[in-house]
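Letters are used for the chains, namely A, B, C, D, E, F, G, H, I, J, K and L, taken in the order the chains are written, and counting of residues starts over at 1 for each.
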Amino acid sequence: MSTVYKMIEIVGTSNESYEKAIENAIKKASESLKAISWFEVVQQRGSVKDGKVEEFQVILKVGFKLID
Amino acid sequence: MSTVYKMIEIVGTSNESYEKAIENAIKKASESLKAISWFEVVQQRGSVKDGKVEEFQVILKVGFKLID
Amino acid sequence: MSTVYKMIEIVGTSNESYEKAIENAIKKASESLKAISWFEVVQQRGSVKDGKVEEFQVILKVGFKLID
Amino acid sequence: MSTVYKMIEIVGTSNESYEKAIENAIKKASESLKAISWFEVVQQRGSVKDGKVEEFQVILKVGFKLID
Amino acid sequence: MSTVYKMIEIVGTSNESYEKAIENAIKKASESLKAISWFEVVQQRGSVKDGKVEEFQVILKVGFKLID
Amino acid sequence: MSTVYKMIEIVGTSNESYEKAIENAIKKASESLKAISWFEVVQQRGSVKDGKVEEFQVILKVGFKLID
Amino acid sequence: MSTVYKMIEIVGTSNESYEKAIENAIKKASESLKAISWFEVVQQRGSVKDGKVEEFQVILKVGFKLID
Amino acid sequence: MSTVYKMIEIVGTSNESYEKAIENAIKKASESLKAISWFEVVQQRGSVKDGKVEEFQVILKVGFKLID
Amino acid sequence: MSTVYKMIEIVGTSNESYEKAIENAIKKASESLKAISWFEVVQQRGSVKDGKVEEFQVILKVGFKLID
Amino acid sequence: MSTVYKMIEIVGTSNESYEKAIENAIKKASESLKAISWFEVVQQRGSVKDGKVEEFQVILKVGFKLID
Amino acid sequence: MSTVYKMIEIVGTSNESYEKAIENAIKKASESLKAISWFEVVQQRGSVKDGKVEEFQVILKVGFKLID
Amino acid sequence: MSTVYKMIEIVGTSNESYEKAIENAIKKASESLKAISWFEVVQQRGSVKDGKVEEFQVILKVGFKLID
């Protein structure tokens, strides 16, 4: 039978880089979802404190296979 | 460790206003999700009957922290 | 036979709220169109005078059934 | 009380057509969600092998009523 | 003199396919508009009942020449 | 009472410039609509023949007051 | 000579409604800018606390005439 | 070494369906490009003659591996 | 050190053409900003009076170097 | 057999107008592509020097028939 | 009283990474704006020289509180 | 004579960062195109395996001068 996937939207954060923020989000989501196979970046944001970047924030769509 | 959030999409309705529709949606979603902290309006629509607005409908993205 | 709808774009105005602006637009459009069944908000704007909102303006797409 | 809906994003696949891909996705999602009432097409993609379409892929938003 | 076209937005429906939905919409619109020459798909949606697609819905922009 | 406007979409053409294409479209639309007060450019296109621009084409939204 | 306008982006907040949030933003911006004449809603968001809307937030583009 | 892909934009046509239009475009593009592996639908349009759809037109982005 | 630019949004007007409207806006903005180096067209609009274009209006983003 | 088109993206420049920038781009592209039949404006930009427009820049998608 | 924020658009550059480009832009903007609290990435671009990335460029919207 | 540029779309990959993925794509494209002068990020994606990012993927538009 044909494969069906689900996509969910998550937000990862890091004080280092967007790549770390993505990895943090994927790692956390993988705790409950075993079959994540791809992601798409939806938006990149961040917080600032005292003239410095405090946190890089990335909104992701994460796709995984629905298992029977 | 870095914080991770999830975002889900819900639709609230009200025959009074978009603000009421948002409040109805947030209230309902909060029954099962305790950590909702922000929302974004995605689309505003409505239904019409006999030349009058019957229902204001608002599509929201709602964000909440994933708790360990 | 299958149903066909038409959508037109109208702009409603109100000095009170966007909901009133929508209701004004729907009411006016209903004078000539009997079968309006839904609307979508396309844009929200407004005019300002002496540092106060003078008028809320809402651009709507309005959908109605084409009757045979 | 006012109705609240939830929308989720799923991806259906078919080697025949987008309509089949949609039907496959809706069927699969209906196994766990009883109240699906509408869908919106978000994106249409596909995979190619040896110069032929291998799979039509459709990303859908699916809406269903949150039941009390 | 230079040609001027008008574009209107219509919604076609079909329980078979988006192509049928488009054909239904074009056929209906052609009853009152003789000079339709092109269309663009704006959105594809659908309704679901008992876990099956009930109706494919397509929003179209239809263009036709304004005749003197 | 509050003012309500309608917006329609038209396409103007010219072999000289987009400004001429807009003027041609507005002029034609004004034959049947007396109260046009503004327009927005939606898209700019054109046709080419033998390596030269044959026609500038502009898609406009035109707004006018609905008169009682 | 021809008129030139400037547009700036501001964010208004209110715990009541988007209309109040707009009015708060326009009022504040008018303290330093005397010639504001229109605004456009760019995005509507909000914060949530204990399952209730805490604050409606609206991002606006505000336009005003550049005075010689 | 890391893989690099190129994407090109093509337009397929068919008087039957969008799926046929996609297949026609992929087939034609595969004559000169051996490594096409995926496509994305960018826009769906069509031409109309005498109140009937004459041609379904689909704009695709087609991706293929750049081979060393 | 690395260069930083600022972008502001302005609206130029002209009764002749969009190019003139852009030039008017750039000229006016240059009275207070010496380092403008590029612009992007955000939207093209216009006003209409008695069936004729009264004013071409262009919304621009203007970029300039922040000087130490 | 059904017709297939290809679309490429080019940028034209002119110190006079966007129309001239389009004509320059089409002319140049026609040196190597004989079958260009239409174009779409993707973006309009420009460079500024000493408070004056130095160059109008237009990004175009250009479509042409793939010949067997 | 309710809080009002202003958002400005800046462009940061770096020959290392987008994160550095963001930090450079925030640092520069903070010299004149003390209350920056968040940013959003609008676009990511770059310049190339001799087949190598010369500069990563990031367009940001930066938000800060308007202080009374 | 006025300069004309061409833009092509490529996809770079890296298991380290988006910056590396961009550099890989630019390097590869430069083998056949000598005059690349800028790029724009169109989309950022990635693949996931066993709960870890396997590959960062970046879709770029790359611009280069058409040489006579």
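What to note about this one:
Throughout what follows, contacts are C-beta pairs under 8 Å (C-beta built on N, C-alpha and C of every residue); 3 or more make two chains touch, one makes a residue touch a chain.
All figures in this text were calculated on a predicted structure; none of them were measured in a lab.
The minimal number of chain-to-chain contact steps leading from chain A to chain C is 2. Touching chain J and chain L together: H. Shared contact partners of chain A and chain I comprise K.
Matched by residue number, over half of the contacts between the chains of J-L recur in the interface of G-K, chosen from G-K, B-G or A-K. Summarising the inter-chain layout, the chain whose CA centre lies farthest from the centre of chain H is G. Measuring from the averaged C-alpha position of chain A to that of chain B gives a distance of 22 Å.
Chain D and chain L, compared by their mean Cα positions, are separated by 31 Å.
Inter-chain centre distance (chain D to chain G, centres taken as mean C-alpha positions): 38 Å.
The multi-chain contact residues of chain H, meaning those touching 2 or more other chains, are 8-9, 17-18.
Chain pairs that touch one another are A-B, A-D, A-K, A-L, B-C, B-D, B-G, C-E, C-F, C-G, D-E, D-H, E-F, E-H, F-I, F-J, G-I, G-K, H-J, H-L, I-J, I-K, J-L, K-L. Residues 16-18, 43-49, 51-53, 56 of chain B are the ones that touch chain C when the two sit in their complex. On the side of chain L, the complex with chain H involves touching residues 8-15, 20-21, 24-25, 28-29, 59. The touching residues of chain L, counted against chain J in their complex, run 1-9, 61, 63, 66. Residues of chain C touching chain B in their complex: 17-19, 22-23, 26-27, 30-31, 34, 36-41, 62.
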